[in-house]
C-alpha cells in the first residue's frame, strides 16, 4: 500500500517536470509581460512556502526572510558573474549559504518569543542588507548589473515543485509533527522528547535555503541587484502572502502568492480605468492585511490547522 | 578633538530626545497590551504633517501647532486602537502584530497618496540662533533649536512621569500593565485606560514629529519608518515596558548612532541600531531596566 | 537501587527559597504521592526533575545517571515523562497527532527518509501510529482519535495528557494534579488508569494531587511538602494522623 503512495508521489513529480518542460518550450510564444508575472508568481510561491515553514508550521515569527533571499541572490550572481559557475550549482550554493545564515539567525534567537523574535529577525535581515550594501565587490550602493538571464519558466517551476514537495513531505512526517508541536506548545514539546533547539534551527535553515534559491532565481531574471530590493518591506510582502493564505497551509501560501503577484497588476488596470495618477495598490494591500486579521485570522484561503498523519 | 566629540554628543542628545519621545509611546503600549505598535512611527509622521499644515495652512504659531498635532495624533492613536487592535485583544499575538504592520503600511501609503512622497520643507518658525558665547568657550555649536528639543522633550517626560506615578489614571495604567485581568476585576475600566495610554503615547510621538520638523527641516510620508524601528530598539534597550528605560534607551541610541556615524562610517548609521538590538536581545532581553518574566511551567 | 533519587535539592527563585534540602529516593515501580498546601513547592520539584529549572544545589539521579540541569527533551528520552498542572496539549492538533508526537520519540527515521518516502519511513509511521493507538486505548480515548484536542471536554483533555505521557514508553511518569477539575466518575476512571500504568505497564509513578480520595486510595507512600520542606513521609495511614500534616493544611488553630 505504501509503495503505491510513494510511487504516486514520484509519478506526480515526473509528470510535473515534463509538464513544465513542455510549457517552457511554449513560453517563447507567451506575451513577455504575462510571462514575467508568471515567473514572479513562481518565485513568490517559493518565498511564501519557505517562510510558511518557519512562521506557520514552527510558529517562529520571522521578519527577516528578505535577508535570506538577498544572500542567495548575491552569492549565486557573484558565482555566475565572476567564475562562470553553472547556473544550477550557483543556485544551490546560494541556497546553502542562506541556509548557513539561517543557522546564524535561528541559533541566537532560540530563547526569544513572539514579538522579541520578530524584531530580532527584522534586525538581522536589516544587518544583512546593510552589510551587502557596503560590499563594493557586489556593487554596493550602485548595484550589481550585468547578471546573465539564466532564469526561465522551467527553472522557476522546477524549484516550485521541489519546494512544495519537500514542504509537504516534511509536514506529514515525524519531523513535521515535531515542528508543529513547537508552535503549539514548546514547553510540552520538550517534555515529549522534542529537541526544540534542533527543530527550530531546522525550520530556519529549511526556510532560508529555499529563500536563497528564490533569490538566485530572482537575480538571474532581473539581471540586476540592489540592496534596496531586500528591505523589511520585502519581508512584509512575503508575510502578507502567508497570512492571507493561512499560516501553516502550504497550498494556501502558494495560491496566495500567485494571487498577490497578480493583484498589483490587476490594480494597475483600475488605475487606468479611473485615470488617476495615484497608485492605490499599497493602500489596498494594507487594508487587505488588516481586514483579513480582523475578519478571518486563519487566512482567506487555507486554514490554520493541518492534518499531519501520513496519508 | 574634544570639541569634536562634544559637538557630536550634543547632536546625539538632540537626536536621542526625539527617539526617547517616540520610544515612550512604544514602551507604554507594550507594557499595557504586550503589543509592538508598528504604526507608532507613522503616528509620529502624522504629527509632523499636522504641525506642518497648522503652520502653513492655518497660519498658527508654534505652540498652537504643537497642540494641534498632539490632539490629532491622540485621536488617531485612540481610533487605531479602537478599530484595529481592540477586536484582536484575545487573538494570538501574531494576528495583532500583523494588523499593526497593516496599519503602519496603510498610514504610510495614504500619506504618499495624499501628500506625495516628495519631502517638504518645514516652515522656519524658529529662526536659527547659534550661541556664540558657547562657541567661543567650548568650540561647539549649540543652537536654540537643540535647546528647544531638549527642553520640550524633558518637560514632556517629567509631565509623563508625574501622570504615571502621581495620578489615579497613572496608577490604573501601571496596574493594567502588571496584570490586566486582576485590574479589571478590581473595577478598573480597561478600555478607558488602554485608550488613554494610546492617547498619551501618540501625543508624545506627535511632539517628536513637530520637533523633528523644526530641527531637521524636512518631512515626508515615510519619515516614520526608520525612526519608528529605532525608537523601538531604544525601548527594548531600556527595557520594554519601563518608562525610564525608554528615556535612557532613546538617549543612548541617539548618541551611539551619531558617534558611530561621525567617527566610524556614516553608511553604518542605521545598522548600529540593529546591532544594539541584537546584542541586547542576546545578552539581556529584558533591557537595562526591565524585569525578566518567566513563563510558568 | 532506587530508580530516582533527589539529593539535597534546593531551589531558589530570585531571593526566595522555594524548595530546601529535599532528599527523596524512589524505588522502581513505586507509586508515590507528593502532597502539600498550594505554593508548597510541589510542581517546582517536578520541574527540577524534568529539567525545566536548575536547582540551587543538590543532584537529581535517575537510573544511576546524574541528570541535574539537563534539558527536558534529553531527560524525556532517558525515560521520564510528565503531565502538567495546567493542561498543555497541542491544541490545534488531533488527539492522535498529540500522542504520535510522543510516540515518535524513539523513532530514528530522519528527514531524508521523510523526504524520499522510503519504505523505512512508512514502516516507522505505522509503528508510531500503533504505539499512539495503544496509549489511547489504555485511557479510553481511541474512539475520538480524530477530534481536535482543544475541543475535548476537560476530563478527556487530562486523559489525553496521560496517554501522551505514556506513549514515550517511559520508566518513570510524573503526574501533576491529574484529577484536578474531574467529577467523581472521571476520578474513578483515573484511579483505574493509574493502577494499570503501574501494574500492567510497570511504570514508576510520582503523583502530585490535592484530591485526598485519589491519594489515599492508590499511593503506597506519601511525601508531604510545606514551604519547600518535607514535613512528613510514610504510608497513607501514617500520614493521615500526623499533626504536622493536619497543621499544614488546616492551620494550627484547629489542633489541640
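First chain written, first letter: the chains are A, B and C, and each begins at residue 1.
The rule we apply is simple: contacts are C-beta pairs under 8 Å (C-beta built on N, C-alpha and C of every residue); 3 or more make two chains touch, one makes a residue touch a chain.
It should be emphasised that the depicted structure is a prediction, and the values quoted were computed from it without experimental measurement.
Enquirer: Could you name the chain whose Cα mean is nearest to the mean of all protein Cα atoms here?
Expert: Chain nearest the overall C-alpha centroid, as shown: A.
Enquirer: Quick one: point me to the chain whose Cα centre is farthest from that of chain B.
Expert: Relative to chain B, the chain with the farthest C-alpha centre is C.
Enquirer: Determine which of the two chain pairs, B-C or A-C, is joined by the larger number of C-beta pairs in contact.
Expert: Ranking B-C and A-C by C-beta contacts puts A-C first.
Enquirer: Go ahead and note the Å separation of the Cα centroids belonging to chain A and chain B.
Expert: 33
Enquirer: Indicate the whole-number Å distance between the mean C-alpha point of chain B and the mean C-alpha point of chain C.
Expert: Spacing between the chain centres: roughly 48 Å.
Enquirer: How big is the gap, in whole Å, between where the Cα atoms of chain A centre and where those of chain C centre?
Expert: Comparing mean C-alpha positions, chain C is 41 Å from chain A.
Enquirer: Residue numbers in chain A touching 2 or more other chains?
Expert: In chain A, residues 187 touch at least two other chains, as defined above.
Enquirer: What residues in chain C touch two or more of the other chains?
Expert: Correct list: 52, 84.
Enquirer: Considering chain B alone, which of its residues make contact with at least two other chains?
Expert: Where chain B meets two or more other chains at a single residue, that happens at 297.
Enquirer: Sort out for me which residues of chain B touch chain C in the complex.
Expert: Against chain C, chain B makes touches at 296-297.
Enquirer: Tell me, which parts of chain A touch chain C in their complex?
Expert: Residue positions touching the partner: 2-3, 5-6, 9, 166, 169-170, 173-178, 180-181, 184-185, 187-197, 202, 304-305, 307-310.
Enquirer: For the complex, give me every residue of chain A touching chain B.
Expert: 55, 61, 108-109, 111-112, 114-116, 118-120, 122-124, 126-127, 130-131, 133-134, 187, 232, 236, 239, 243, 247, 278-280, 282-283, 285-290, 293-294, 297
Enquirer: Please output the residues of chain C touching chain A within their complex, sorted ascending.
Expert: Those residues of chain C that touch chain A are 50, 52, 71-73, 76-77, 81-82, 84, 88-94, 96-97, 100-102, 104-105, 107, 109-111, 114-115, 117-119, 121-122, 124-125, 128-129, 148, 164-165, 168.
Enquirer: List the residues on chain C that touch chain B in their complex, please.
Expert: Per the stated touch rule, the residues are 43, 47, 52-53, 84, 86.
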